[in-house]
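Quick one: this structure, given as structure tokens, is what I'll be asking you about.
By letter and in written order, the chains are A, B, C and D; residue numbering begins at 1 in each of them.
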Amino acid sequence: MADHDEMLTTNPFDDDHFHEECAVFGIFGHTEAAAVTALGLHAMQHRGQEASGIVSFDRDQFHDHRALGQVGTIFSSKDVISRLKGTAAIGHNRYATTGEVALRNVQPLYGDFEFGGLAICHNGNLTNSFQLRSQLVRRGSLFQSTSDTEVIIHLLATSLRRTVVERMIDALRQVEGAYSLAALSKDGLIGVRDPLGVRPLSIGRLGDSWILASETVAFDIIGADFVRDVDPGEMVIINEAGLQSIRPFGLKRPARFCVFEHIYFARPDSVLDGRSVYEVRKRIGRELAKESPIEADTVIPVPDSGVPAALGYSVESGLPFELGIVRNHYVGRTFIEPTDQIRHLGVKLKHNANRAFIEGKRVILVDDSIVRGTTSTKIVEMVRAAGAREVHVRISSPPTNHSCFYGIATPERDKLLASRFDVEGMAEYIGADSLAFISIDGLYRALGLAGRDPVTPAFCDACFTGDYPIPLLDHDQGNVATQLSLIAEIA
Amino acid sequence: MADHDEMLTTNPFDDDHFHEECAVFGIFGHTEAAAVTALGLHAMQHRGQEASGIVSFDRDQFHDHRALGQVGTIFSSKDVISRLKGTAAIGHNRYATTGEVALRNVQPLYGDFEFGGLAICHNGNLTNSFQLRSQLVRRGSLFQSTSDTEVIIHLLATSLRRTVVERMIDALRQVEGAYSLAALSKDGLIGVRDPLGVRPLSIGRLGDSWILASETVAFDIIGADFVRDVDPGEMVIINEAGLQSIRPFGLKRPARFCVFEHIYFARPDSVLDGRSVYEVRKRIGRELAKESPIEADTVIPVPDSGVPAALGYSVESGLPFELGIVRNHYVGRTFIEPTDQIRHLGVKLKHNANRAFIEGKRVILVDDSIVRGTTSTKIVEMVRAAGAREVHVRISSPPTNHSCFYGIATPERDKLLASRFDVEGMAEYIGADSLAFISIDGLYRALGLAGRDPVTPAFCDACFTGDYPIPLLDHDQGNVATQLSLIAEIA
Amino acid sequence: MADHDEMLTTNPFDDDHFHEECAVFGIFGHTEAAAVTALGLHAMQHRGQEASGIVSFDRDQFHDHRALGQVGTIFSSKDVISRLKGTAAIGHNRYATTGEVALRNVQPLYGDFEFGGLAICHNGNLTNSFQLRSQLVRRGSLFQSTSDTEVIIHLLATSLRRTVVERMIDALRQVEGAYSLAALSKDGLIGVRDPLGVRPLSIGRLGDSWILASETVAFDIIGADFVRDVDPGEMVIINEAGLQSIRPFGLKRPARFCVFEHIYFARPDSVLDGRSVYEVRKRIGRELAKESPIEADTVIPVPDSGVPAALGYSVESGLPFELGIVRNHYVGRTFIEPTDQIRHLGVKLKHNANRAFIEGKRVILVDDSIVRGTTSTKIVEMVRAAGAREVHVRISSPPTNHSCFYGIATPERDKLLASRFDVEGMAEYIGADSLAFISIDGLYRALGLAGRDPVTPAFCDACFTGDYPIPLLDHDQGNVATQLSLIAEIA
Amino acid sequence: MADHDEMLTTNPFDDDHFHEECAVFGIFGHTEAAAVTALGLHAMQHRGQEASGIVSFDRDQFHDHRALGQVGTIFSSKDVISRLKGTAAIGHNRYATTGEVALRNVQPLYGDFEFGGLAICHNGNLTNSFQLRSQLVRRGSLFQSTSDTEVIIHLLATSLRRTVVERMIDALRQVEGAYSLAALSKDGLIGVRDPLGVRPLSIGRLGDSWILASETVAFDIIGADFVRDVDPGEMVIINEAGLQSIRPFGLKRPARFCVFEHIYFARPDSVLDGRSVYEVRKRIGRELAKESPIEADTVIPVPDSGVPAALGYSVESGLPFELGIVRNHYVGRTFIEPTDQIRHLGVKLKHNANRAFIEGKRVILVDDSIVRGTTSTKIVEMVRAAGAREVHVRISSPPTNHSCFYGIATPERDKLLASRFDVEGMAEYIGADSLAFISIDGLYRALGLAGRDPVTPAFCDACFTGDYPIPLLDHDQGNVATQLSLIAEIA
């Protein structure tokens, strides 16, 4: 966590967002399983850019390739893809904080079990992984990574059950947390969503083959059809016999899908839990315009995540939508600003105010969230320096004042601007003439509900409300990061 | 050219556009000259992504670093920047066709002259470089590259004049073509624009230092002020004595600025020849809506270059502007599609139709140009596959049916869709229900003129009209590429 | 094994020798522990050139760096060495067959145990590792490598004993094989030699620090003093309290040190089990001259391993020792012969006959061993082509007609020339006018004994005699390589 | 030069020798010209290890590959070799001082001339290259490298003669210095040796193809036959018509072949100017034993260059030749000693005293030369530390007290130990009980002459005598290195 904050502080390209930690993909029954997996991961690159991996199975052997970097680079070589033989594969994109960007943490992880090999990857976070890890180490399990996925692997290895599926159920019943996982063994492809369905996982079909993916865009890119979501608490087992469904956690509980997937994480062209992400974001913009109107000349999105909400705000308010901020598409992660003298230029490497347009105007900036406030401050300053007469900021999420423990990288709570100031103080901090957030009820309305049901809310909205639906077992026992004694990494 | 076409054919990320060949940047009198140059080049990355170089001068020695790749990667190391000592520097981004991506062609080029060292780079293309090259070889000059910039260097070396400036004038008077160049010697920074001012070059100020850049966005990113454009046919000499202006080509002729810079090449947040690129593009969209209206449900830009014209079309037509196509921001150049079976997925790696939105709608797609028609065909097909009821295409440039010889990479004429079909045939080819281009007069109207003056048009529009304002001396004598006997390259 | 043979066949630099599989080094109590370890490994590079690793301990954390390649390259960076903090370290050089050159197999291996971290590496081979591995997998241990060292790690992890030393004893008592190991935990540096002491391990002293190394040359290079060998079956524990000695395997059995270390593996400047390797080799040469004299003009060593025996042969026979074959010192492992036409040149890349000297002479070539006969055949042919009138070959080992299972890479038995032909047939095969090997008794005489005691021979000479002193448990149960189902490697 | 000294000071692997600067190779009429060239360069790796290059010609185009590093690495890829198409090729190995290890200096250099392309490389050094360079720059030639080979290229380019051969003669008549060069144009392969024949160049035959090589070992490795040496002052032109000989410098002058080639540079298995290098070195050893006998127990060579002279000394003196110093074959250039504390270990990384043998003995160390004395000092110290009772040093060359300007890297004169001390002082400096050098007449006797003819000595022995047979034009005008203003290098 400390490392991550460090990065947030010094990286000039920090866009001050929460960050999704992963994407998973799986396919069974396709002659080019690895290639299709690479394409699917590529479509979900926004969910994790630090590392990717694919494990394939050719009915005899498993093959893997995992590396730090982006999908397009890692799987650009025909050699790599052609060595990933077989008709079944799973793959993973990883977002990771600085200190953990070690190759051994790159998923899918693989283990040689008594029943044969098994590869596994997941999107989410286990909230009792340290407890389980300690117990496993005590009985002789050796951990090779700091990934919570490895906890599941050791639970599988030490289970007394016989089959892969039985061991998987045995393992997952001991686990607490938010997860959508894909696993591959000689017995088939397995997909599981945690009982509350916090993270997404969908089922697709491409010809005769079955696909699992975190987002439906992965189906679009390969021309596959969306079939349905994996249900919260459902395990699907896919093999030559087709798709079987199991409910290892008993009765269905009310789901708590992550609302931030709709606000920021997912691609606008995805469909989550039956809702078009693009439409939800536009409706949030319309609600926001209704809740917090202001007199101005133009509505400007902070590109690219603010665009749909800005369109909605524009339509509802009748003010023209304009590209007042232009994004540089060539920003990578490697650019180092050479000296202090020009350090303050950071944000401009990514965004530039369209001075010729902005000069003299009263502008409404629409963005999706404010985390620590660093980027917002720079953007307001940049727009003002470009000659804006007034700068009003509208945010398409409620104030984020709680950390996430379910698979999203967030700063410690005391770094969150919304936990340090009220809205007026935040406006002052970022230098805006006015600032408004969508209300929590407005957000639920945009999602098609009457408002937030305080007893059984339809979504996990813990980052706004502090209402954590899954117990934070490790967290309640102290700073977990320091419990890990694993060997210090040398890059 | 053959190589380039090869690339256009096989690269799945080909976006079927004309490609700008270069950006130049120069600075004099800044303690962090190289760092500022790297930032300026970064802001102009869209003008050339294959290679970049910087040469700096510390009043005693020249220092250089040139490499293939993007600015952010090449200059990411503090070591590199800190070795580029000095208070003056020039830099260059290069777009290059496959066969010429050799390090020795990466600008700035450098030579050791009798008067000392000189580095030089330019944006544009000389139309008599092969004639000059042949003459120079005949008299004993040895060429190390296939770059036309080296022709200028040898003209400088063999000039009988004494000073750098006199030799530069001597050299440029022998040269025909479109060019905006920056040169650095111990006597200062020199900027020159060809007599017709085909390519852009602007002057900026940052504190006490002077800056030259191809586009004004380079000033924005470093917080510099735009002073004025270098005039067509003007040479500026910048040193401790300030900025001096010379007109080496005699009387001012009517300028012929490249109109395609406004349509596609330049960033929308640049100001070219006094016009905001963003505003021009929006006005083209409005003209297009007036000229070619159609009944439909929505206006969808082909991202990102089609966005401003689509906004203009939306405003003029009253039809809603929507993000019906989503761009994947993680597309690099290295992704290889593994097999034939999935080759046709190419365009989707970059663009995805927002199926949830598009389904059942009559859509107007707005794009900036159609070159060979490959991408347009795939996009129309993709949008139709996403369920669009009708697909109408509107293009914010006139049909491009002539090659460019002034510094833009274009296919051979017979590969241009507009030279193979009339508009109706093109519509059929790309599979659109209707297709319309802005008229040449409509384009000039969007630029604030009454229309195109057939005698002295205000812009170079040769790619639309075949009216080439600078003689194509090499081209008229045969295929120049085969005249080069330079050693075959080994990557 | 198959892979290794493959390599022997196609690698032009194959010198057709048995290959040592490893070197180990450990140090405790030195402020530059990692740097000294790198130097020690460098002195023992001949024992393994494929990969190296170091793990250091700074009383708080462990640090590691492991890579494929040679010591000089892997540890050439000051950054790497300075990150390997601490006053204790262990290191390892690895020889490996092609299929196993995976980073995860590079030692030292490391594990996080209940008692803290522990790193371990060894030289040798366990003969029941597959049996143990199967049992461990069955009870839930997950293996990450194919290294037999990992078997020891899991035995440590699952031991019910409390301390590191108790667990180590517990683990090693379950293990069969030849090994000299070094381990590092927070409780100190541990060195162990198997009960028969097949592989070497010596103790040195540098100031206040203690050192363990496979060969005494590692002491010379760092200016350390040789103290004594670790005894067969002895465990030494080194920490702040000094060096403690334990005998975990009970009563001392007669040792069986590997005789091939004296013949070929060890450096001539090492002292093994109290004998100077250089002197032993010269004495073998003298015995060989006594046993197999021949009329000739000159004695020529096959460089460099044949030099000491050739010197002995020269002295005893009175024939002049001459450099008739010159070795190219710049032969690396990466040179690929481009085509079939010149494939046969392989041996000459490494050795060249000194034609001006050899022409017209009757020569005696002295080499250390003949494994498959490929190199010998080429060398005889080369010397003959250089004009030798007669070519007599003398070998300073008995015929090698059994594979080694104690840590030496040897071809399958049916590939060994000595198992396919008698000496006369071998002479014909390699094209020599005469061929002779030292007798087994002559070899023992050169080692200072009366001859080989058939009941309790003083050395392990299984490769000559088939007398295996340690049970070959895995081997007796089938081809072990195929029992490993670990994920297929992608380099 | 300063840079080179710097390297001599800090490189722990400095062996304190003069260093040969290059090897050249050429072949005409072989279907695998590039592959054979790579093998030839590999056999001559000892003449230059910093960089290598090959240019081939396929009757239509030239192809090149040049890189820093060793031959085995640079040409290890089949791709590289297969791209070097054609039946003719030239190649070059380069030794270079630190400051000049830039890729653009790696030979062969290539130029595009009016008559077509030409590639050229040479072994040696021009003594008027700066004079010529200045004149060429003044008339408009642009230099890309600091290599003196480029002077020849520009002389070729600016020559008014018509054919390649005429221009080559024209160019070489303006040049002073020691050189053996190979050039390749569409008209054939050209080989030239300077009028005094200072550097070697031999002609070989492989089937129907002709070969040029610096040393005859290059013929051995590829199975070619040695035909004859290129004569001093001879130019050979090889093409489909066969080999033609021209004498462009008029009457034959008495040759002055470099005597140091015999002492140290050449491989012992080469034949230079009709003499076997190995035999010459042994005879030097015998002369040395006659001139400077001493009572001792053993003769020990400093490996590997001291071996032949030590053998000769042993035979003449009757004292046994022994491997008292063992060389580590795995020493590369990249090993960095981490800290001051262990810096003094440098020499031991390469050499180790065979302590078990040396202890208590009176030893005679035989080495080929003493340059600055640094290595000798360390070796004497090491041998003494290993327990030698007396250490006597015998050197198989006369004292080297003059720099070389004919293609050998030597320290400035005041760094040469022999120019600072007399022999007794040198003995004291290196810590030897006695020290003796071969006399200059003894050296000539070993070469088969009666002694050195003071009027027309048969060899260039300037490094011993200061008798420079070719005028040092640049040198006599000041420190030439500072005249080069070429751009500062960034690695």
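Everything below uses one rule, namely that a residue touches a chain if its C-beta (ideal position, glycine included) is under 8 Å from a C-beta of that chain, and two chains touch if they have at least 3 such contacts.
In this text the structure is predicted, and so the values were computed from the model without any measurement.
Trainee: What is the chain whose Cα centre is as far as it gets from that of subunit D?
Mentor: Checked the centroid distances; the maximum from subunit D is A.
Trainee: Quick check: how many Å separate the C-alpha centres of subunit A and subunit D?
Mentor: Computed value for the inter-centroid distance: 62 Å.
Trainee: Centre to centre, by mean C-alpha position, how many angstrom separate subunit A and subunit C?
Mentor: The answer is 50 Å.
Trainee: Centre to centre, by mean C-alpha position, how many angstrom separate subunit B and subunit C?
Mentor: 62
Trainee: Report the inter-centroid distance (CA atoms only) between subunit C and subunit D in whole Å.
Mentor: A distance of 36 Å separates the two centres.
Trainee: State which pairs of chains touch, listing all of them.
Mentor: A-B, A-C, B-D, C-D
Trainee: Under the definition above, what is the set of subunit C residues touching subunit D in their complex?
Mentor: 31-32, 34-36, 38-39, 42-43, 45-46, 49, 70-73, 75-78, 81-82, 217, 220-223, 267-269, 271, 276, 278-279, 304, 307-308, 311, 315, 320-323, 326, 328-332, 334-339, 341-342, 345, 348-349, 352-357
Trainee: Which part of subunit A faces subunit C closely enough to touch in the complex?
Mentor: So the residues of subunit A touching subunit C come out as 55, 61-65, 80, 83-84, 110-114, 116-117, 137-144, 153-154, 157-159, 485-488, 490.
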